[in-house]
Every structure is written in structure tokens, then in C-alpha cells.
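What follows is subunit A paired twice: with subunit B in the first complex and subunit C in the second.
For the complex of A and B:
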């Protein structure tokens, strides 16, 4: 009897101490996030992206300045906050990176193969897509996320994204929801947000793309989808494929209404 | 050619907060590349801050500083429109500078 009482006392003791410890950890993580958000090198990528946006390239030797991101040719202000959306000229839903790729092919006359050869860069050599994303996303700071959700193809894309989020597949039989489906979970320092719920999706989606401190890289949402599929041991999705765009579309539609605060900083 | 730099200088009550972002690989000389070869030491050695042409900070920094460093400091006094100039020199002789007016 005494042993049971002691065990119970120990259990209660741990419950209090462990909760305090978890709270301390959460507070420290919060403090760390604040520190890395101040003076984020994301701004350096914005500068690089601006130069790339204006640089004539490709067989036609033209810049991307005439690229229509949904607000008219060359309009950047608020363009990112309204993506992904349906584009009539391409007859499909596109996110920022897919649209940029479309412009590289149609405006600059580059081949799909050449333009997608190196979409994800390294710390030593960031990719063109990453810097451009930083620059363009920054022009939507403070604006509410408002992706297209009214066109039939947009509705279809969001629904496909939702289905993919919960669809288990691959060698480990994982879905996005396997990790991002339960509240209060984290891997080491990384919270695992339940991204199909607006309350969790809002602060996350509003800070992508972002600078990743641990790898000194600027990362985009296309990269995030690609790398999540890699971690799930699923076949690699194509850059700008219907799958990745649908997932990004679903997540952004879930976060709709949140003021954009990126490009952010991630662990 | 070195990548871009970005500086912000904001006036407070009797002080000026300055924050400079620099693009630099800051190689420690210990890292190996994918071929197993050592990546040569490459880091910012000297950092100079001038206010209206007068040097106020002469910093010697080491390879212990992370990639794409941010250098942040507080200056006593300062007035709107003061010209702040920051320049760096790395161990390979590369240099870059930027300037901004206190806002």
C-alpha cells in the first residue's frame, strides 16, 4: 500500500515538474524563434531576387518584368498573397514557383528542362527560384492571404490537396496527417502544426517561404512539399506538379485571411 | 563578386540602433565538400563602421561567426540623416561596403 502511495506521489511530482519543464522548453523555443527572426538573412535573398527579376535571360534575352502573376503583367504588389490561383492562359491552377517557371518558358523562351534543372539550391549557391520567391513574396507583406477558391478548377485543386493531405501511400504508408494530424506534437524543437486546421495553418503559411537557419538556405513551399515526400519515402513529385500545387493550394486556402508576414525564418 | 549587404539605422532616444546584414560564406576551413576536399578558410576579418566619415567601430571577427552574419550595435547619440558607412574585408582580400542614412 505504501509503495503504491509512493508511486502515486512520484507520478504527481513528475506531472507538475514535467509540465513545468515542457513549458520552459516551449518558452525557450519561442525566444530562439524571436532571435532568429530579427535580422533575418531572408532580406539578402530579396535583394538577389530583385536583380534576377530584372535580369535579361534565356534565348529571347528578356527579363521576367512582364511576367503576369495574376495582378497584371509585371505587378508584384500583393501578387503573392493571392496565389495559388487559376490562370486562364495556362488553363491550370498555379502557385508562385509554377507561375515563374511558366514565365521563364513563355517569356524568356527557356526549355522546361533547363529552367527546372536546379530549382532547389544549396547554401553555397542558392537557386534562381528561391531568390525570386523571396523578392516576390516580400511585396505582399501585410496583405491578407487570399488564394483563388471560386473557379471550378480552383475548387478542384483545393479538394485534391485535402485528399492528398490524408492519403496514405509510399513505403512507410505515411500521409501528411501522419505527422501533422494531432495537436501538441513536436520533433525535437520543431512543432508539428495540424495544418488542416486554420488556427495552426495561419501562422505557418503566412511566413513561408523562409530562411532556414540550420542549413543557411532559403526554402520555398515547393521545396517543403518535395522534402516532406522524401521524408515519407514516397516517389519524388515533379516540380510544379498538380500534386504539389494542390497541397500548397489546400494549405493556403486553410490559412486564408491571415496577414502575410514573410519571408520568415525557420529553424 | 561579394553578394549584397543591407543596413538599417533607426534613431532612438539619444541613441541609434544599427543592423547590418552581410552575404558571406564564412567558411571555417574545416568543412569538406562533396568530393572530400577541404573548403578553404574564407571569412570576414575586419569590419569598419564610419559615421559621417569618422571611424567609430573597428572590429576584428573570426571564422566562428555564422554564414550570412548580422552585425548589430547601438551608437550613442546620432541625428536624422547621419551617414553610416559599413565595410568589410575578408581573408581572401575581397571587400564590400554599404551606406545608409539614419532614419
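For the complex of A and C:
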């Protein structure tokens, strides 16, 4: 109801009472955000993710239960809060989704092509990756974000992420900082966090992945990177590439120390 | 020659961060794939993007001046009046379509103006990344000179401020000359809601 009232407030033209109306709208947005943060449907995705984690799949017909997310085979508690990090077996830095893909290929014997065919789902049909992300991330609730930052490849990854953040390219000359570079800015009515600064990055990164109310979808950080590049008028980044992992790594390293409190809800 | 010397001097400076933009570009070329109309050529930085990346959007004044002059040469100003129809301009300003991999090629793009700017007071859902343009034409009038400035700025904002975050909407093929004229009218026509 409040969302409808808000939409109506925004749609009505204003003349003299514009400033007062803008203030009311801001208050309404604040209330709306609080409302969506309270009743989150993320648990539904967590349940679906748990079933998928335990479901035998692929040519080897095994589940993902032996997948090592960095804390040992099958250990989920606190695993998400410590990602991205360097994995010796793969000799590269991986975020949650990239690691899950690695396990689908190595444990379940699935092909990269098959496992990445539909990484981003839709409102009526979430992807396997999204549900799994919800389930695994939920088991780091309350734990401080502590991505790997000491291995040389981890340091390299964070530095690449930082460089990518400020790298201007694409048909519209954008970098991440074009929108996320200055405090207190908005795109339309949406606040834009300055994600290279810890104070802004911490509350944001600590709530991903999340249920997105405006599209009724559960969304992950790989999706967020993908859709930002789409809006930047760039070609499409490969799922789980060094580029997307480095950006996620840089953002998470910037938010380091913040207690994880996702999966939550977003606008 | 001076321009080249300045540029090479700039690029020879130790980079502010590792890896360099050239290395980043190489990694991106490996990690991206074309989709729809979003081709891989879009990842090749031009001189403006390179210098702005290198200097974190604070280029030395002489470099900025030289490159802005180059960008100015890209603007093809149509003959005659540059004022189109402000009503069509409002629709273009509202639309955020164009050039993404899921936009249909050939379909008219939008200016995404309200994403960053306040324009008509009737539209409260506007961004604040760019300056407010409310009442833009009220104080400036609609002389040929100001029309030319607004047209040029929308066509290629980098000709006026090298490292501005505003896209080069004409040069990138996002907007047609007719659409840019409609936006000029939205900003300058005394009847436009922007100037009420």
C-alpha cells in the first residue's frame, strides 16, 4: 500500500508545494525501504538452495555436499564471509559463484557450458546458482566479512578490481566511479553508494546476495556486475571471469570487517 | 606535435595504480564477449577515456585543452535553427534506452537525461549526478549562440569538459541530430516545462 502511495506521490505533478512534497517522498522511500527489509522472502530461496546442494546431479550423479568452499569439504558455516579467496586446487581467486561452478564441473562432472547456460534466473524461475548462493550465504549471518587479502594472487585480484573500478570504457565512457564516485548522488530516485570507500561499501556488500523487490528476483553479485556493465553499454563480462571476481573481491575487501547480514531484500 | 609530446609525457609518468589501463584493457578483452549490438570494440579505450582513466578525471589543463579541441571537431552542427519540439524532447529525456546489449538495434534511443538531471518540475524522479537544469533557458534565452552550445554539449560533452561523466550522446550514435534538436528545445523553448 505504501509503495502505491509512494508511486502516486511521485506521479502527481507539483507546483508550489514541490519542496514539501519532495520531503514527503523521501520519508515515504525511507519507510518503504524499512518495510522491504523486514519481511524478506529470501528464506524461500535458501530452502530451494539447500535441496539443490544435496541433490545428486551431472554425469557423476553426485551432490555438491563435498564441495570445498574454503573451509574444508562440505563446510558451509562461515564459508561465504571468507570469500573471495585464493584456491590452490584451481590456482586462482574465486568468489562463491565461481567456486560453485568449479565444483559442478569437478565433482559432478558437468560441462562448463551446461552449468553456465542459465546462471541468472527470472522472477518465476530462479537459477540454480541463485538458490545455492542464498543457502550458502545465509550460513555466514553475523560473521564478519573476511575475504582473502594476503596471498599474492589475492593482492593482485584486489588491485585489478580497484583498477577496473576506475577504468573508463564502453560506448558511454563510463567507469564504476561515474555513478559510484561521489557522495550523496542519486540516479533517478536511487541512492548511489561510493563503493571504493569502506563506510559506503560495508552496509551494501554485507547484504548481498539479496531478494530484489522491484523485479521479484533473487540476485547475486555476479548478476550485479553483469547488469552494471550492460547499463554501462559495454559488451558482456563472462560469468566467473577474473574481471568480475576481481571487482567483487575489491568491493568485499573494501567492506572487510562488516558483519554479514544477508541475504536480505533490496529495492 | 605539442599535443603528442604532452600526451606521451603524461602517459610516461608512473601510473597511480598497478595494473595500467593498457593491462586492464587486455584483461577485459579476454574476459568479455560481444552480445547484441554491444561489440568488443567498445572496450578499446580512445584517447579521452585513456587520459581520464590515467588521471582519475583530473587531466593537466594543457592536455584537457588540446583534447577538448579535438573533440570539438567531431561535432557536426546542422544548418539553421537548432530548436526542435520540446514535447518530443521531454519523451527523449525520460527514456533510458539505447546501445545496451538488450536494446534492439535501430530502435530510437533515449537521452537518459532524468537519470542524472532535474529538468521539468513535473518530474520528481530525477537523479543528481549532473547539475539541475531547471529553468535553464529562463536566464540564458534562446539565441543562436546558446542553441549551438546546448546542441554541442549534448552531441559531445567531452568537447567542453574532457573528463565529464556525461556520455557523448551524438558521437556515440545514441541520439540522432533531430533528437538532439528536440532536447535543445526542451531546455531553451520558453514554453517548455523546464522554463516554467
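In this text, the second predicted complex is superposed on the first by the 240 of 267 C-alpha atoms of A that agree within 3 Å, B and C clash if a C-alpha of one lies under 4 Å from a C-alpha of the other, contacts with A are read in each partner's own complex, and residues count from 1 in each chain.
Here, contacts are C-beta pairs under 8 Å (C-beta built on N, C-alpha and C of every residue); 3 or more make two chains touch, one makes a residue touch a chain.
As the structure is a prediction and not an experimental result, all values here were calculated from the model.
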Chain touching more of subunit A, residue-wise (subunit B, subunit C): C
In the overlaid three-chain picture, which partner chain does A:171 touch, first (subunit B) or second (subunit C), both, or neither? second
Applying the touch criterion given at the start, work out whether A:77 contacts subunit B, subunit C, both or neither, answering first, second, both or neither. neither
Does the superposition put A:117 against subunit B (first), subunit C (second), both, or neither? neither
Thinking of the overlay built on chain A, is A:163 touched by subunit B (first), by subunit C (second), by both, or by neither? second
Touched partner set for A:54, first subunit B, second subunit C, both or neither: neither
So, does A:44 touch the first partner subunit B, the second partner subunit C, both, or neither? first
Considering the complex alone, what residue numbers of subunit B touch subunit A? 3-6, 19, 21-23, 25, 66-68, 70, 72
Write out the stretch or stretches of subunit A touching subunit B in their complex. 38-39, 41, 43-44, 47-48, 123-124, 216
Note: in the complex, subunit C contacts subunit A through residues 17-21, 23-25, 27-28, 30-35, 38-40, 42-45, 48-49, 52-53, 56-57, 99-102, 114-116, 121-122, 124-129, 158, 165, 167-168, 172-174
Help me check something: in the complex, which residues belonging to subunit A touch subunit C? 10, 13-15, 18, 21-22, 25, 159-160, 162-164, 166-175, 177-179, 181-182, 184-190, 192, 229-231, 233-238, 241-244
